[in-house]
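The following pair of complexes shares a single chain, chain A, combined with chain B in the former and chain C in the latter.
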Partner chain A sequence: MRPRLAIVLLVLPGAGFIFLFLAVALTITALQSVGVLGFGREPGFTWEFWVALFDRQFLDSFLFSAKVGIGSAFGTLLLAYPLALFLRRRRAGARFIGSVVKIPLFVPALVAAFLILNTMAFHGVINGVLLGFGLVDQPLRMLNDKFGWGVLAIQVWKNLPFQLLVLASVLATIRTDIEDAARNLGAGPWQVLRHIILPLSMPGILIAVVLVFIMTFGDFAITRIAGPIYPTSLAVLMHTKALTLSEWNLAACIGMVIMVASLAFVGVYARTARLLQGTAA
Partner chain B sequence: MSRLRLNHLTRRFEGMVAVDDLSLEVADGEFLTLLGPSGCGKTTTLRMIAGFLGPDAGDIWFDDRRMTDVPPHRRNTAMVFQSYALFPHMSVAENVGFGLLMRKLPKAESAARVAEALELVSLTGLEDRRPGQLSGGQQQRVALARAIVTRPDILLFDEPLSNLDAKLREKVRVEIRELQRRLRITSIYVTHDQAEALVVSDRIVVMNRGRIEQIGDPDTIYRAPDNAFVADFIGLTNIIEGTLLDDRTVDTPIGRLRIDGGQPLKSTRVKLIWRPEDMKATANGLANRLSGTVRQVIFRGNVTEFTFDVNGHSLRGQLDNDLRPREGETVTLGLDADRIRVVG
Partner chain C sequence: MTALALPRPAAGLPRLSLGVFLTALAAILLLLWTGVPLLMAVLWSLVDPDKPWSYPDFLPPSLSLAQWKYVFTYSSIGRAVATSFTIAPLATLLAFVLSLPTAYALGRYRFAGKETLKLLILLPIVMPGMVIALFLSRAFDMLGLSQSLFGLVLGHTLLGMPFMLRILATAFEAIPQDLIDAARNLGAGWPALVRRVLVPMVLPGLFAGAIFTFIASLEEFNLTFVIGTPTFETIPTVLFGYLGYHFVRTNAAVVSIILMVPSIVLLFIAERYLKTEYLSSAFGKL
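Let's look at the complex of A and B:
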């Protein structure tokens, strides 16, 4: 077999599969959003759905999704990075903790939402404890709250082990003798972190943040269960528009927005990160 | 610059003793080498001096300061690592200046000292390169500059040349020695390469199984090893066991050998040690004659080495190339009594 043919045969199944569904689905969605394709309506090009899209509800949903995306990505990082640093040293208990925190990886988002529902609900465990100790007079509203704390909490819980895996693998590539060299030259623990560990783990931090943002920005299940009634996330709004209101073209517009916004975030974030790294190093 | 004193240092790893009750004094400005096979405890000792490892027992002193419990970043040592351990995300200048940044030196002074250090190791002009853009030899020099720029009390070398090719290794070891002579920084150098140890050291500590086998200057270590381990580890050696018949005669499997009298020995079972080059092509006038069949001849360029069998015992010899024996030939070599080292 000629090598070129072999390469094509190797690449085609995977790449072709992705390309087929991506290209076809994207094209259909794009065409729907401008009315060229659609159900229950004469096909024909129009911007009317895009014009109709930008109402108050859509903007609130967009901001809510952006808030959940960014909040989850960095909120998780805030917990995952110190944990990854701790687990890096083979201290007593590190193995046990490392295993326990990975449990959410095996719990589907919907199940996770229900699990946490019982803990954080109006009559849930946390409120029970707070009331019991007299720390609050009334149960706190932690789920379906207007801000979305409930959603953020579940997202962080769900994505923590994922970020932990990414960060741990990057931290593992930093050789201990580089750390030793820094200590030897007079760097205390914080200076080693700031001048050596942090800059060298920056690629992993970037990836961890971007991936969690993309996963949470387009979230449906957790917002549907633990999110506020209004505003809701873009994905939930899209679902409502399509299946409840049968506004398929509007739903397609929202789908486009989710994808383009995710891409835009990755682009802007990567560029900023590179700039920051350039000046720091 | 400091005097270093190690006081009954012991360190175990999971039940294995890596360093066993080791005591040692290093003078101010001295270049001392810890030499031994892998697992002898030399690197563990070095890492304890740097503070990366704590001893299970014993003390470490720099001059009159007890350093045993001082964390590494407050010890003012500087180490050149086997892997160089350069910071990959910093330029050459930032790597070298890191120790000064940690010491919060004013920028201008720091820059001047970095430039000076880079000049000492002939790297001027490469300030803005990243370590990944440098050759192995250049990275090694950056590591060296980074270590000396802080003016450490004690300079530590952890097999710094083992990642360089043979030719560069010989060049750099001479340079390290010259640099250390000029700066007079107390230096501890860890290696398993006896040739390297002989070249760079003021004194050599030969270690084995966490203990010191012998301390001495290179000449003493080579010429007058205290025991068979040291003799065997440093260069090629002939070691023959024997029984002392009288003060000057030893009965051995290769015949009776005459030795110099007056050696303080504990028992009559002794080991006789001599170097291949101690045996001469002419036996005339020498105390001992050794005859045997040549087995293997190795041309070394400047000399020829060979092994020959005497009564079933293989000995190593060395002769000038024009006296080179042939395989299967019978040779007779002379060995003077004062060339034989007798150990108990």
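Let's look at the complex of A and C:
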């Protein structure tokens, strides 16, 4: 063991740099949301911005962000979980599939947005194929649509490999003897899945879902690109309020909402990760 | 004994072909899922502006590099590439210098709160980027760091640090204590220990951490958009301009490829030649 001071001095440059910046950002947001820090107005403590925050536009944006977060998380899971189960059996070709499916992980988020935008566009290849097979009479409008299908598609495409890696590593820790024992005792494949694999992989599922939720709930760029004009996501609303309307105090309130929601889920993630480590060890 | 009497080929053959069929189906669907969007981007970047590509043509009638020439002549992409590749190495270097002592402590010493610290270090990548960007920009404005290259390097360093820190810490952790003890017993002082043991053992981790930090900087959008534009354009902010309501498809295709190729090449190298622990340590506990 080293003296405490030496460790503190060693930890300081890296951790200090991170926490200094985050603390500054967090403090400015918090102070601005209650008016103590005012840019362009007389500073002074007030709840007026928090009271003014809850209008129709904010609630619609909150619901939109929640929908995109939950929709992306579970939409990705719907594809990733069966795929992870499929890849768990070491079939011939599983390696090839595994590396093909990982490609979007290497693609930057904005590029992923373009790739999917380009595919789903009015004159994109999906509409081309649908027209070609006579499934639709005229091209479907799938981007900047009111529901946000375009945003969901981009997020699912981008996050699928990420969830797959998490799920695959959790499924790999489930020992096959338990499965074999259940099979020996007469359980069918569905029963094995429902009563053994699914419960044992639950912490992994939770982590996979929470991670994607955190990364999509506060999203700015992809919603701005492929989302509807109204409602927007909370991050887009915050950005507009701050930089277009110069309502920095209201923007700070929205920032606090995004941050608190995300950090709550980070907490869930941290607890589950620790739990999972406990069972794996 | 009875198992031997089962008609094996009859039971084995259909199952095998079903498995092969499913695997083939999955492989084809996934190739379409990842391949079609990528292929479309390449094709759209090569569309000949004189012979437009539209339904029902399955492939562009003719290919040309005209779009590439156009983008490099009439847009700010040339300068954006230069800016991106100036910020990224500087941010990587700064992240390395700041991370080195911290990663050493995290990797080699045991102290109270270490696990919590390792989790908290991930905050810059899990916290919503636009919130950090917008409210850091207030502080940057006050300090005169907005619209400056130094401010951008600081911001990119912040967002790349978690990768550098976690991966370097994993690398330090992986050095067996026996090796250090043996070197000491044989009379190695600090300089020899560092040069002969620590550096060679940590180098792959450093390499991985640098690649991740570099890529994080190349891809960073929110902070650059808020504190850098319009003075500084990077590749992502140029791409953002071509997307959205002013969707300029061919230009966006060209810039997408410019942004994507370095990431894919670097991550491919990282994945191919480095231990997988580094990849997982970059993303968290798993």
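Here is the rule we go by: the second predicted complex is superposed on the first by the 240 of 281 C-alpha atoms of A that agree within 3 Å, B and C clash if a C-alpha of one lies under 4 Å from a C-alpha of the other, contacts with A are read in each partner's own complex, and residues count from 1 in each chain.
Heads up, the rule we're going with is that contacts are C-beta pairs under 8 Å (C-beta built on N, C-alpha and C of every residue); 3 or more make two chains touch, one makes a residue touch a chain.
Source: prediction; values computed, not measured.
In the superposed model, A:104 makes contact with chain C only, not with chain B.
Of the two partner chains, neither chain B nor chain C is touched by A:171.
With both structures placed on the common chain, the touch criterion links A:70 to neither chain B nor chain C.
In the superposed model, A:36 lies in contact with neither chain B nor chain C.
Residue contacts after overlaying the shared chain place A:191 against chain B, while chain C stays out of touching range. In the superposition on chain A, A:210 makes contact with neither chain B nor chain C. Which of chain B and chain C touches more residues of chain A is settled by the count: it is C.
In the superposition on chain A, A:85 contacts neither chain B nor chain C. With both structures placed on the common chain, the touch criterion links A:220 to chain C but leaves chain B unconnected. No residue of chain A lies in contact with both chain B in one complex and chain C in the other. On the chain B side of its complex with chain A, the touching residues are 50-52, 71-74, 76-79, 81-83, 85-90, 94, 98-99, 101-103, 146, 150, 156. Contact residues on chain A toward chain B in their complex (touch as defined above): 175, 177-178, 180-188, 191, 195-196, 199-200, 281. Within the complex formed with chain C, the residues of chain A that make contact are 1-2, 4, 7, 9-15, 17-19, 21-22, 24-26, 28-29, 32, 39, 83, 86, 91-94, 96-97, 100-101, 103-111, 113-119, 121, 123-125, 127-128, 131-132, 144, 157, 162, 165-166, 169-170, 207, 211, 214-215, 217-221, 224-225, 235, 238-239, 242-243, 248, 251-252, 255, 258-259, 262-263, 266, 269-270, 273-274, 276-277. Partner chain A is touched in their complex by these residues of chain C: 19-20, 22-24, 26-27, 30-31, 33-38, 40-41, 44, 54-56, 58, 97-106, 109-111, 117, 119-121, 123-124, 126-132, 134-136, 138-139, 154, 157-158, 161-162, 165, 218-219, 221-222, 225-226, 236, 239-240, 243-245, 247, 249, 252-253, 256, 259-260, 263-264, 267-268, 280, 283-286.
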